[in-house]
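Shared between the two complexes below is chain A, which pairs with chain B and chain C, respectively.
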Partner chain A sequence: MSYEVQLERGYAVVYLEGEIDMYQSPEARGAILNCLGNGHHTLVEMSAIRYIDSSGVASLVEGLQTARERDLRFALVGVSEAAMRVLQLARLDGVFTIHSSVDRAPEVK
Partner chain B sequence: MENSPPTMDPASPLCGIRPSDLPAPPREAIRIVRACSDPDIDSRRLGEMITSDPVLTAELLRIANSALFGLRSRVSSAAHAVTLLGHRALRNLALCIAMRDALKGGRLPAEELDRFWESALRRAVSARALAPVANLETDECFTAGLIQDFGLLVLLWLHPERVPEWGRLTATDPEQRLELERQLFDTTHDRVGMELAKVWELPPSLADAIAFHHAPILQGLDPAHERLARVTRCADWMAALFEADDKRMVFARTLALLAECFDLVGESADGVLARVAEEIDEAAEALGMRIGDQPTLDQVLRDANLRLAEENLSFQELTWRLEQTLAERDRLAAQLERELSLAREVQCGLLPRDARLGVHGINLPAHHLSGDFYDAFPSRGGRVWFAIADVSGKGMHAALLMAKTSSLLHCLGKGITDPAALFATLNRELAEHPIRGMFVSMAGGVFDPESGEGVLVNAGHLPALQALAEGTCRQFPASGPPLGVLTGSRYTPFPFNLREGPLLLYTDGVTEARRPSGEELGIPGLRRLLRSHLRQPAGERLQAMMDEIRHCKLTTHDDLTLLLVEERHGD
Partner chain C sequence: MATEPEKVLMERRFHGTREEMRQMREALRTVLAANGADTEQQQRVVLAVCEACMNIVQHGYDGRPGPIGLTLRRRDDHLEVELVDEAPTLSPLDLIPRQREALRPGGLGLHLIRSIMERVELEAAGAEGGNRLRMVTQLEHGAKGK
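Moving on to the complex of A and B:
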């Protein structure tokens, strides 16, 4: 797994790539929480995720819970088919705000 | 590392030392040295010159008759000495006397002079011991060894305030000593020695031996001079073996140098070194020098071995510490193993054991502890609760959340028979205290064993399967998110009747099991598996399915849990 963070449209966008399992998810979790901890509205770009397991999903859930606590926006964008299947099976697709791309996320003023 | 060759360039004076600063040689002795080097002088004339200085004559005869020269017949006169010894040996003898007496009674304390000459004698006898292998005369080698470091004595003579450093200088090896000299004097003894050789008009062979006993030997040097320079280089290290602190290192370097310069190895090298210790007393006596008690080579080597033993001791200590650390690691690993085994035992105790309820489960953790669990227990009105769950992640933290969820389910289920209400309560309990985003996917419900009717709820879990009589499977997919994600989640209940067929609930470790081809078992595979074992009794069927799953699983990377709920027959 690898990740990159960019500031776009008023969000910190965490671009995740590869497989996010219990060994890789701490890194993804750190990146997401770091953005939120710095007070950024955060998007997690997931178009390059080939596999995500429950510990990876837990990192996203933690991001969601943290954003709610801090009154920050948190959304998943460009979710890959593999990741979307996992989210749909667990009915988490209705829990997260999901946008098709970063450009589709409402701009933060 | 080799040092740059000393230069004779007068434009590069010895850091302020002028030739006129250097000590003047004893006039009579140096006159003999020069005369001996004159090819035109005859023996009679030389004898007369020596006899004109009775003190020098007496000293020459004493030394010539000493064991140092080992002459068979006694030398009784200067003329006799010239005949017996020859011009060169006589010159060397006179030179030794000249050097010995050059700095007497001056600025340097007598005991410091003695210390220098003791070292110089050691170099001299070392050099003489090498004479046969270098194919050189013994007196030539002896003299070269005696005077090769004379420049250091001159440096101390010029800088008497540095005399207290003498101990440090002798405790080092030749290379370190040269570096220390640079720090103390801004120059080195070989450079001073070269300057002195010019002023004192020393024979070229000896001047070259002084010049090149540290510096790289010049190409094209007279072969005999080159051999003498090698002798002095080796002699420096051989003598250091008796004085330097780090004897083991000096011993190793000396042996390497003897092998490189003269192919001396093994016993031959040891024999040469042993002679140094054996002959120094004799040489000191011959030259009238005072030296202390001398160690034998054995004693020196014992010292070196002692150092080796100390290092071995420290190595043994390291080994011992490593063994202790490994033992501690093993002890802690065993303790952890015991604790995990106990935890597993407790976790297994949370699983139901009563097969009479019509619910059969099996759980195989990927590691010691499982993040999966299943449960079945009687509730109000004779109804039976059943559930399967999977905590996000694996390991100890998942097991702890599993225990919490299992306890909550068991406790709440005793009083609540509405699965949707129970799941909503469970969800609220877990979501109110989120831990690292962990959540629990759970599918479960309640059924009446008499009628087989029941209600099932699925919170973010994989679809429950019901094997229907006509050979098809009904699926009960998730009707809400996993427990613990968000407070306020609601879950839609699904009715079912066990008379239509048994329910199979499972965790993702089962469906993600891969066939040898790499293909995942998936839900279709599990459905086929369920149908293929329908005729077996429930308990055996579950075990057979698990055996098949484990057989086709290439790598065990997740917990495996299966739960079979079926209508009770005949009880």
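Moving on to the complex of A and C:
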């Protein structure tokens, strides 16, 4: 897995790529929580996620919970088919705000 | 309907390290595709197998890699995955998922396995410890005779 963070439209956008399993999820979790810890509204861009397991999903849930605690926006963006299937199986697809692309996320002033 | 003989599609022994897990996912996708599983089922079965392996590493071997034997079999239109470990023997009751709340990720791996597989069974692998986990699902495909 690799990731990159960019500031766009008032958000920190965490671009995740590759496979996220138990071994890679701490890195993804750290990237997401770091953005929120710095007070950024955060988007997690997931179009290049080929595989994600329960530990990766748990990192996303933790991001959502942290954002709520800090009154920050948090959404998933461009979720790949593979990742969406896992969110659906976990019955968490309705819990997250999901946008089709970064451009579709409402701009933060 | 005639019953096809059981066929072993894949046998692998590994330790659940990061690189081995990546290689195992690749190998499993290839074998499933060759047996006509569509992309969705490949992803689902790979997820169930990896969740089970990670459970073995996390809970059976206390977070350290340890020996895992994987056998994938096909019998008629069913796939059976068997995972054998050398960890302390678990109770089949450990396979009953806890009640999940939407935002509590605990037990999610087991929930995913149970959502994907039609049958999940756990038994002692031998008198000196170890576990044998069997997971069965129907092959969803258009290439049954392959």
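Observations on the model:
Please note the rule applied: the second predicted complex is superposed on the first by the 109 of 109 C-alpha atoms of A that agree within 3 Å, B and C clash if a C-alpha of one lies under 4 Å from a C-alpha of the other, contacts with A are read in each partner's own complex, and residues count from 1 in each chain.
The rule we apply is simple: contacts are C-beta pairs under 8 Å (C-beta built on N, C-alpha and C of every residue); 3 or more make two chains touch, one makes a residue touch a chain.
Source: prediction; values computed, not measured.
The superposition on chain A brings chain B into a clash with chain C. After overlaying the two complexes on the shared chain, residue contacts for A:S55 are found with chain B and with chain C alike. Contacts of A:A82 after superposition: chain C is touched, whereas chain B is not reached. Of the two partner chains placed around the shared chain by superposition, neither chain B nor chain C is touched by A:A31. In the superposed model, A:G63 lies in contact with chain B only, and not with chain C. In the superposed model, A:Y23 makes contact with chain C only, not with chain B.
Look at A:R91: by the touch rule set out above, it reaches both chain B and chain C.
In the superposition on chain A, the residues of chain A contacted by chain B and by chain C overlap at 22, 54-55, 57-58, 61-62, 64-65, 89-92, 95.
Against chain A, the residues of chain B that register as touching in their complex are 390-395, 434, 436-439, 441, 459-462, 477-482, 485-486, 489, 508. Within the complex formed with chain B, the chain A residues making contact are 22, 29, 54-55, 57-65, 89-92, 94-95.
By the touch criterion stated above, chain C contacts chain A in their complex at residues 18, 21-22, 25, 40, 43-44, 46-47, 50-51, 54, 57-58, 102-103, 105, 108-109, 111-112, 115-116. Across the interface of their complex, chain C is touched by residues 19, 21-24, 51, 53-55, 57-58, 61-62, 64-65, 82, 85-86, 89-92, 95 of chain A.
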